[in-house]
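What follows is a pair of complexes built around chain A, which joins chain B in one and chain C in the other.
== the complex of A and B ==
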């Protein structure tokens, strides 16, 4: 099972989820994608949109840089 | 295929759609669609398919832009009057989306050239204004086993159906062309400009659904609307065993150029 990484801290809505979807399209069942994102809109929307489109959000944790979070999404 | 940063931005609203996504957008980018007629229906069809990123768009039309076209043929602008419609359309398509490869055929679709032309495409869209070519498109697509979208507009009315091999074809519903001059054309009867957009965009949506495999096509259904009442109807249809082209005893086995109404030919001549 592969693990992919993506940093969308410099993106704005809706490109935050567009970039996430492009990475998610590479996943096979069981693979995971770690997404680094900022608080606010990305943190509210990216996990929700991922769940809505059939992916599983395994975890959401605070990342090193203040105001950023790491979410792990699984197909 | 890997999208460039610009393509990700351009197609982001498709990529966001759960049913389309990256895969669906790639299918659109690989699609090859032939639009017959660069007029009232062909204009919105071409503009939306170009915007969507359809990889190859073929356009066939033998006419030049006339001032009377501009009331509804929104791909042509005032400075385009007297320019071949396929050239005018190609220019706008590439302004909207330089990614699209445009193939132009400045001629009429005929029994002689139809199969050669449509063979290069995945899907054919009827944007014509006359019965002879509508039946020709149907028959050619039957023979070539190509899916197509039929569309027709007149006054305040529009109708469309989608054919894929096996479904009811245009002739299953409409046996053969009406006699010349029995049904007035847009040039005689008039047409509300905006309904060209209403019907053409429905056809464009059908093309994108076909290319992506999303949803249910308008197969075995005839959609009609009237803009005065703004009522839409869907008539369920089915394969007709007595159909002259796809029934069990077909009488139409080759392509025919049916006779055109005299005034149509005159108006086509005038424009050349």
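== the complex of A and C ==
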């Protein structure tokens, strides 16, 4: 099982979602993707839309840099 | 012409955009909405008509694309994605360059990056048969990602059950 990493803290709408979606499409069953993102729209919508598309959000934790979060998504 | 097989899935959220304007800013709106929606799981259809066709020409600069004298003149003046003017304060084509600079500087996706993302996300591109006919544009003048050439009736069927926007 592979573990992918993606940092979208420097991205803006719609690339936050676009880059996540493109990375998610590489996942095989059991693989995980760690996404580092900022509060606000990305934090509210990336986990929700991932779940809507059939992925499982394993965890959402605050990251080192203030205002950023790390979410782990699994296929 | 329209060979698209229409399968409507009531469980899929759907966004259909009519891309009429060939303006840089309005095309940016089209591709921002399209890629954003596709990324969060929407099925996305974009129907390019009239000046919107400029966005999906293979030749992105100014070139005499089109069959016949008048279409070639139009083609030369309008150009493709790279020569799209902004809808206000174009200043003879300087503004799109400034916009591209500002987008890069502020880490916002440029129009070209959005178009590439749209292709990666498998967004459905359709071209308007009637507008292509008037402007003398052939299917071979358009990027290969264009799924089909359609008329209004087929587009309406594709858009049925989802949200539709005209830009």
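Criterion: the second predicted complex is superposed on the first by the 75 of 75 C-alpha atoms of A that agree within 3 Å, B and C clash if a C-alpha of one lies under 4 Å from a C-alpha of the other, contacts with A are read in each partner's own complex, and residues count from 1 in each chain.
One rule holds in what follows: a contact is a pair of C-beta atoms (placed from the backbone, for glycine too) under 8 Å apart; a residue touches a chain by one contact, two chains touch by 3 or more.
Everything numeric in this text was worked out from a predicted model, so none of it was measured.
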May I ask you to decide whether A:10 touches chain B, chain C, both, or neither, giving the answer as first, second, both or neither? second
Using the touch criterion from the header, give the chain among chain B and chain C with more contacted residues in chain A. C
Is A:45 in contact with chain B, with chain C, with both, or with neither (first, second, both, neither)? second
Looking at the overlay, what does A:21 touch: chain B (first), chain C (second), both, or neither? both
Between chain B (first) and chain C (second), which, if any, makes contact with A:53: first, second, both or neither? both
Touch test for A:2: chain B only (first), chain C only (second), both, or neither? neither
By the touch definition above, which chain A residues appear in both interfaces, chain B in one complex and chain C in the other? 14-15, 17-18, 21-22, 52-53
Chain B - residues contacting chain A, complex: 3, 8-9, 12-13, 15-16, 18, 21-23
Chain A to chain B touching residues, read off their complex: 14-15, 17-19, 21-22, 25, 52-54
So in the complex, the part of chain C that touches chain A is made up of which residues? 32-33, 35-36, 38-41, 106-109, 113-114, 117, 120-121
Tell me, which parts of chain A touch chain C in their complex? 10-15, 17-18, 20-22, 45, 49, 52-53
